[in-house]
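Letters A, B, C, D and E name the chains as they come in the text, with residue numbers starting at 1 for each one.
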Amino acid sequence: MESPEALRDRLLARFPGVSVELVPNGSPSGQVSLRISPAGLREVARFLRDDAALALDQCSNVTGLDSPDREVVETVKESQPGAPGGPPVVIERKQTRIEPGHLEVVYHLYSVARRHGPVILRARTGNRTDAVTLPSLTPVWRSCEFQEREVFDLYGVVFEGHPDLRRILMWDAFAGHPMRKDYVEPDDYEWEPTPHGEVLAKARRHYPSAAAPGAVQPSP
Amino acid sequence: MILAAAAPASPADAWLERAPLLLRDALTGWLPDALRPWVAALLSIATILGVFGLLFAYMTLAERKILGRIQNRPGPNRTGPFGLLQPFADAIKALTKEDIVPRAADQVLHFLAPVVLVALSLIGLAVIPFGRNLVAVELEASVLYFFAAGAATELSIFMAGWASRNKYSLLAAMRALAQLISYEVPLLLSMVPVVVVAGSLSTTGIVAAQGGWAAGVWPHWHALTPWGFSAFGVFMVAALAESNRSPFDLPEAESELIAGHLTEYSGFKYALFFMAEYLGMAALSAMGVTLFLGGWQAPLAVLEFIPSYVWFGMKLLLLLLGFIWIRATFPRLRIDQLTRLSWKFLVPLALVNLVNGGLWAVTSDWTGAAGVARWVVSALLVVVPFVVLGRSLTAGYGPRTYRYASP
Amino acid sequence: MLGKGLLQGLAVTAKNLVGSYHDPARYVTQEYPEVQPKLPEAYRNFPFLVSETADDPMGTLRCVACQICEKECPPQCIYIEKSKDKKPDATGKAQIYPAVFAIDTAVCMSCQICVEVCPFDAIKMDQEFAIAATDRFGGLLLNREQLAKPNAYYHQIHPTEAAEVDERLAAERRAAEEKARLAAAAKAAAPKPAVPAAAAAAAPGAARPAPAGSTAPAASAPVDPVPPPAPRPPSP
Amino acid sequence: MSDAPTDASSPGPLSAEERDELRRHGILLTSVQELYNWGRSHSVWPLNFGLACCAIEMIAASMAKFDIARFGSEVFRPSPRQADLIIVSGTVTKKMAPHVVRLWNQMPEPKYCIAMGACAISGGPFKQGYNVLKGIDRFIPVDIYIPGCPPRPEALLHGLVQLQEKIRQQPLRGPDAPRHLRSDLACDATVPELGAEDIEPPFSPELWKPPTLVRPDKA
Amino acid sequence: MMLPDPAATGLARVRKIEGAALGLRTPAFAPEEGAGDLLEVSLGPHHPSTHGVFRMDVVLDGERIVRLKPVFGYLHRNHEKLGEGTSYLGSMPYTDRLDYLNSMTNNWAYALAVEKLAGIPVTERAEYVRVILAELSRLLNHTCLAGFLMQDCGCSGTPLMYAFREREKILDLFESLSGSRMMCNFQRFGGCRVDPSAEWLAATRTLVDGYGAFLDEFEALLSGNEIVMARTQGVGRLPAALAVNAGVTGPMLRASGVGHDLRKVDGYGVYPRFNFRVPIGRDGDVYDRYMVRMLEMRESISILDQALRGLPGGPILDPKAKQRGLRPKAGEAYGRIEGPKGEIGFFLVSDGTGNPTRYRVRAPSFVNLTILEDLCLGHSVADAVIILGSIDIVLGEVDR
């Protein structure tokens, strides 16, 4: 199979309007992935499936990823005019900025016919609140059907063009997206006799009456 | 019990052979003559209820133990010695269990279904000759009576399924009806040649016709003739289906319909269904013994010292064991395959057998070479349709050979 | 022909029916309450704490409340409170001990990770499985006293493993004694009397017990040698 | 269900004749009690109901090597109407909890519950999950808890024996009478509903109260 | 119960799926004109044949299925979320509980993913032991599957009992090696936790030598049985193109005639050293799925035989491999192996801390269920039950 760089170049040449970006991988696995702009994702996917040399006929795995907004502390070097005549003084200033979060979907593609893979596709949503729509790849690979539903359920990515986008693991009336990093779980931890600190705090929030010194002592 | 004129044959005079009658006479002898038949009738009812009730209890235990043994384990063995009290524990539990009737259910039918079912399964036993001179009701057309009573059991299953107002039960009810319509036909057809050959519609007459031995060793049982063997096979398959036993337990079909028509039954009513299943199975097996296995007749003349009712009981238990054995081995058929088996295999087979039985009856006086030819023709009339029909039935199915992927 | 497969099947079940009366391979039931299962040595169910002696289990616990197992336990079923004081352990050395050590067997998933990460061979897996209870907390939450079982019991259920552990601990103890002897000799040679040894041991930071940290881990230990970390900060 | 025992336990001062009457009744009741308890303890039919990993061990317990049939309990009924025992074998998720409780309500009295395995007892290793019910005893009265992950089949058999023993020793009157013979206890359990964040209610208030336990260092 | 207007229930909705021309989706089975009322039945979540807590919302025309919607999540125990909060080592026992029949292969798949992520080499002896355990798992899984499938067909327990009789023998091996019958927690990064003793290997050898005889008996009981053939042949046909597109893997894919086996394709571990064949089916129906597994077991016996003979010496676990406190460099890895149910993969994303920031399980049963509706349309309820059985699902893995 061609190298990821060659594939990227081929895709860029074939789909001029689509941004294809090589995402490096720091781990020894060396599984490099291609980040595709959402607009062209389905076309690229269909091309990858139908291209005779690639024949990526199987989408094995669909994963959601969540990157919440995070505070980035950057050190900015500023050179200020130093003492007259002397060299400019470099002052390091720390500035924080909020890097907006996003949701990401990762597709692992393999070829059953040609026995190679994986080619990894990624696509990012604009943010985590309102721009969470990505094109569905279920029309290209049926195997995405339930996995995309799962990403929708647990992460809240809306897949456009999915034939049956409903919650799959949680019940329909459920409100949140539990796999997101900032999901707050219901405080129904077992009020163990051996609670660890955080459990204790949670349980206390949930059962305020239990915060009073109790009648029952733990067994130790 | 009606005391038929005692046959003058010597085995009939044996003390053990006459023990049930003697017991009855001892019990009723002191009564005025006018009361005697009534009390005797009550006694027979009580006996049948007692014997078959006990048979039911121990059939369940035997089934659980034999199933266990087939599956390499002992089965119930700690309730009482060897687990012998297990049926009674189950009975106490079932009797005291809360009885739930779904609010949506048809209250009357929901209650009636198990009662009717048990009653219908029991009344068939009235015409079975359990031994020489041991029959509760002597009827001219007892065979017809038996099948008329038996045919109604599936209706009560439908009743149960419909009255429960449960979707699974409803599906089971529909299956039960399809099964009823399909299997009543081969059941009756397989019985017809017996009537033709024996020349009697009465069960005692049919048993009497099977007495004696050809060449002194080969009993005149119907199952030991080619046509009779075929009819016996059809009868037993249809009996399996009629009593809703595996592999024809479609109305109950655990893996598909939860418990089918039984889904909404609890406690004692459920136990009644359970009882009806075993009683129905016992009644059909008893009829099978009567029609094909010579009833209470001993297989060899030298074995006639064993009382007739013991022979009957042994044959009955053998058939019941067969039911259990089959249950332990086979998976269940699908409803369309079930009906197909009936209409495309059993019914044609039984129809050919009708001819076969007729020929047998007509040629009953052939001996010597003609007698051999009679056997050969009859056998051919069984084997050829079996092979041809079997082939058409299994068309499209069969063992397969498999390839391996090229590396 | 139709029926061949059916008859073949009937033959198999018949063979098993008959076989169940004479062939042990076809009658495999072990009648449990009477016949106790033969548990392999490796079998594990719930953890227990090893104490050196049966007479004074609380005084001779090997556990020094380092809380590694508590931290590593995947389902978080271990709860430990360190003692405020120190008690001499089996070797006479003053050690912190667990004032509270509780394992919720209703949470434990018998994964054995606590055993793997324990540098003191203080927690091991028990084989007792018939512990059904009618009471959730009273019956299934095991405290220090219920968890402590003597080393002899450990030998009984895991003989090979226990022998290895004993050997290793003995070697470590010998090495520690040797070191202490050398230190004492060096101290005697020194001109000025040093800080009393007990005080040194009690100093913060030296709370780490000697055995595992000071010697090379035995090669047979399946876990990688990780020195016990600093005590966890008390929970808020 | 016979309601004679409930009648017999009617409170109030008694005259000598009544007490006499009751004693005679009581003697009768003792033997009935023994028979009744013997019968139902030897015929505990479990519901054919498996949830997760423990269900496999439950199946294993009914298989040849362990053979739960020896105790008369191999009749796994698929319909709750015919079952006496629900073996909650595995993780009860919040999505599943209403169904489990409904199954329990569909079973006729007398009925028993075994919580098999860590998950059924407390949520076990998965208790930190957002979709996991932290113990089925929040909704169903549990008779026997069998810890283990999963418990060996022998442990399940041990639990079953314990249950049989418990049934055998149940008096039919008084405060220790089984649930179905007491008028002061509701037979039906609260069925939770699936809410926007959690099941509502998170536990059955009449059955389970959050134990007011306090850690020793915080007490 | 009775549906007056099919359109109101969504029955008339035609799904617009590209590639329908490719055979990628079976066209919805239309009820016949004037077919009468439809019956809506919910099979599950508690149903004897859903293999756990799984639900199929079925719309029936008589007994024929005109619509089937699988409903998941009744065993969703937040495996992936827990994995994000647990250390790399701490997730190992959790993987046991995914496909709880095959903890050994789950362990291996997870260990493989972590080894890829952190670049940990595996000792050679451990690779052989892993193969031995994985193939024992395959025997165990396929045997149980055959038993459960026959239970779904309506056998009253006998095949399942025989299957579990053999399963107990394998579990005894697992238990004496790892300490637990089902939840082995056996693999470690870079090797295995315990070195199998000579006695253990001898016991395994005995089991492997006797397994063929068991398979012969089992097949005599079932494979040629006319009822089994009538029930399973021609039921639930899965065309190869749809199977590949729907991500179906494992014996189910091979039963459809695609010779795709990761042991050959990826050649992970030491599988390239063994000589074995990959059986494939022709019709892709339930019978083929059953028979392909039967034939696979015979190949597994051959692999076991070779692995036991070729087992090298040496350490079982690299002493330098870090288990506790593993902190792989930031990056990601997807590791997959051929589990008994199909491709089981773990996708791990590390941010350089002790816990993965994303821990994803690619569960074969879950993806294989995608085509459940396509397989069941037009068949009866009884068929749906055995089709589901032949897919071989374990809910711990489907819902995670």
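Things worth noting here:
Here is the rule we go by: a contact is a pair of C-beta atoms (placed from the backbone, for glycine too) under 8 Å apart; a residue touches a chain by one contact, two chains touch by 3 or more.
All figures in this text were calculated on a predicted structure; none of them were measured in a lab.
Across B-E and C-E, the chain pair carrying more C-beta contacts is B-E. Seen from the C-alpha centroid of chain A, the farthest chain centroid is that of B. The chain closest to the protein's centre is E, with centres computed as averages of CA atoms. Between the CA-based centres of chain D and chain E the separation comes to 34 Å, rounded to the whole angstrom.
We define each chain's centre as the mean of its Cα atoms; on that basis chain A and chain D are separated by 44 Å.
Chain B and chain D have CA centres that are 40 Å apart. Contact with two or more other chains is made by residues 47-48, 73, 76, 78, 81, 93-94, 97, 158, 161-162, 165, 168, 183, 221, 223-229, 260, 399 of chain E.
Along chain A, residues 169-171, 178, 190, 192-195, 200, 218, 220 each make contact with two or more other chains.
Residues of chain C found to touch two or more other chains are 2-3, 6, 9, 12-13, 16, 28-29, 31, 74, 76, 81, 100, 104, 107, 109-110, 137. Across the complex, chain D meets chain B through its residues 1-2, 35-36, 38-43, 45, 48, 63-65, 67, 69-72, 74, 77-79, 81-82, 84, 106, 108-110, 180.
Interface residues of chain D, counted against chain C in their complex, comprise 64-67, 70, 118, 121-128, 135, 137, 142-149, 151-152, 154-155, 157-159, 161-162, 166, 211, 216-217.
Listed in rising order, the residues of chain B touching chain D in the complex are 64, 68, 71-79, 83, 85-86, 88-94, 96-100, 254, 258-259, 262-267, 270. Across the interface of their complex, chain D is touched by residues 28-33, 37, 45-46, 74-76, 81, 100, 104-110, 129-137, 139-140, 234 of chain C. In the complex of the two chains, the chain C residues touching chain E come out as 2-6, 8-9, 11-13, 16, 28, 40-44, 72, 74, 109-113, 116-117, 125, 219, 222-224, 226.
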